[in-house]
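Look for subunit A in each of the two complexes below; its partner is subunit B in the first and subunit C in the second.
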Partner chain A sequence: MAADPLDALWLPVVPVDTRPEFAAALLRRITAAGGTPAAGGTPAAGGTSAAPGTPAAEGRPRPAGNRDNPTVRYFVHDLDVAVAFYRQRLGFEEELRSAPGFAMLYGGGLRLLLSVSGLAGAGRPLPDGTVPAAGGSNRIALQVPDLTAAVRELREGGVRIRADVSQGVAVRQALIEDPSGNLVELYEPAAGYHERS
Partner chain B sequence: MLDVAAAGKSPDDVRKPAAPGDVINVGMQEALPDPDPVASIYHRSLPHVYGYLLSRCGSASLAEDLAAETFMAAVAAARQPGAPEITVAWLVGVARHKLADHWRRSAREERNQAVAAQPAGAVDDPWDEWLDAEAAYAALRCLSPHQRAALTLRYLDGLPVAEVAEHLGRSVHATETLLARSRAALRLVYQEDGRHGR
Partner chain C sequence: MSTVSVRYIVDDVDAAIAFYRDRLGFREQMHPDPAFAMLTHGDLRLVLVAPVPADHPGGGSRPMPDGTRQRPGGWNRFMLQVPDLAAAAGELRAAGVRFRNEIVTGVGVRQVMIEDPSGNPVELFEPLRDEARLERR
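The block that comes next holds the complex of A and B.
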């Protein structure tokens, strides 16, 4: 049989590095889901594993899920655009995405939930008919090491700056907007800054 | 990208270069449990799994999703009694399953629209001796999910037809037919693109 020209399409597995945030987030999921067998030894070692036919996962202590991360939910118009914004512009890590309506991100010690207005889950209308909407003046506040540089970088990246850097009480602050119109406050500690330590 | 994740630390902490092997603890609260068979080869295997998926599906976010599914499946598999040894090759095999599953799902979703994309009846398949592989990869992305899956498994992965059939959940005979149709469809796009100078 003659050689098949399409055999030229063979493609070896060439390793490609992932985004570090992705690698770290996935590793967290793996260690949270896998953990170490309570009885010691690896599952493959036999003896300590559950009897054949018994789902080995059952009865094993599951790691506590609560990581003490304060959690905020934002409503957005487009999930992919919103996730890309928080990942690329603000350095959040994506923990999971359940398209089309929900995503969970971590950044700056905050767990940020994104829900699409009008869709199932948190985005659906309240019993009184109100549809959760993006926007408003409430916002998350994220501390950054260098506010001037941060705002410059965001502006150059096409992010809408709603209020430029200003001096507040013991902080310098600025207000930016995500693609759905939600505000995000950025601040940098200044003289007299205080928080509970 | 902003350094929000590092907020609260002093700038000195933030920029400290990581020692080799230290990178794995980015964002981790606790050290890895060493005996975990998946976590222990995670850093060695992730680029292979991701590289395999990215080169075949062409989308970074899809490759990430499928890589995550692959590793979570590995965690579940490692818990079973008589679990397979978790190796890089085994993980790439799982990734291949996940990719084939993805294409099957997309094919189901696109079933109604995709009918028009099938080339009409005739299976006319003479290829030139010399193949512009890059152009062929580009053409591959224009095919329907079933066609893409069949050609990717058969040619990019170099699997024998019987294994392709197994991945696709079809008989060998049906897979041969699908492969023939897919080759014809690929050739159509490949030639069309070639004419327009891409």
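The block that comes next holds the complex of A and C.
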């Protein structure tokens, strides 16, 4: 069954936002779902037309828009700073921001929820007073096509590099920090290594 | 092919595999090394790694260049949608799973935080509004 182009709009039901970048992001999502009239290209048979590996790009067309996207919650100190970081440095798109304590971003198939420590919502203190905090070792891992170039660019952009490029078994990887100290892992499959689908 | 993964640091990879598989319905994709396993749940790829020494071939859980050891815990977490949170929580509690809080009802979802055997949080949620739902009915 052909994917319904409107599936790209299905979640979340986004509030109307008049910013041009918001409209552009929405258009990209519709396009990714195969919804726009032919803009010249073939509709991504096999999904190889998307630039695989840039965090904001889909590695394949998603037949049902955002259905069942993996979702991760990160705690941050400053919502505006965090949103700017993930948008500008890692190519995420902002989908929703309910000030002051929560934003929802989308990139590369991942839905990233940002919650501000100490504020209402997921950031609120637990009954015992513990406040959910940023940091830790657990992290999202984003595939990039050229790790060396990506790390160089991020470093030049003032992003903290927690662990420079190193060689693993099947990937090369590096760890960067968002402005709140949360780790983000970037990786590039080693030459000759192809991920199973 | 999913290009997004989540990496969790665990003390014991085998115990973690059992937890995510038996309690949360993950599938084991590979477990080629005692310190490494890859699991999937829908489009989520969960990489479980135990801390390894700096000279270990697997690069994901070596100490940081400044010597800081990677460790489980923290608050950042992935989330799983469940159709009936109260039922899921009851089942997990009966199985001895640790909870960090009680079920909280928010604006769009009902949620609760559980811990894996290494103390890593996992958030379970049940959407209360359509826009908070991840899967279409």
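Here is the rule we go by: the second predicted complex is superposed on the first by the 127 of 197 C-alpha atoms of A that agree within 3 Å, B and C clash if a C-alpha of one lies under 4 Å from a C-alpha of the other, contacts with A are read in each partner's own complex, and residues count from 1 in each chain.
As a working rule, contacts are C-beta pairs under 8 Å (C-beta built on N, C-alpha and C of every residue); 3 or more make two chains touch, one makes a residue touch a chain.
Just so you know, these numbers come straight off a predicted model, no measurement behind them.
When the shared chain is aligned, subunit B and subunit C each come close enough to touch A:G109. In the superposition on chain A, A:A163 makes contact with subunit C only, while subunit B stays out of contact range.
Look at A:G101: by the touch rule set out above, it reaches neither subunit B nor subunit C. Once the two complexes are laid over each other on the shared chain, residue contacts for A:L142 go to subunit B and to subunit C alike. Where the contact sets of subunit A with subunit B and with subunit C meet, they give residues 7, 10-11, 13, 52, 60, 67, 108-109, 142-143. Interface of subunit A with subunit C (complex): residues 7, 10-13, 52-53, 59-60, 64, 66-75, 108-111, 113, 121-122, 126-127, 132-143, 162-164, 166-169, 171-173, 175, 182, 185, 195-197.
Residues of subunit A touching subunit B in their complex: 5-11, 13-31, 33-37, 41-44, 46, 49-52, 56-57, 60, 67, 80, 88-93, 97, 106-109, 142-146, 150, 153-154, 186.
Interface of subunit B with subunit A (complex): residues 1-8, 11, 14, 23-24, 26-29, 32-33, 35-39, 42-43, 46-48, 50-52, 54-56, 61, 64-65, 67-68, 71-72, 75-76, 78-83, 85, 92, 127-131, 133, 136-137, 151, 154-158, 183. Across the complex, subunit C meets subunit A through its residues 1-9, 33, 36, 42-45, 47, 57-62, 64-65, 70-79, 81, 100-102, 106-107, 111, 120, 123, 130-136.
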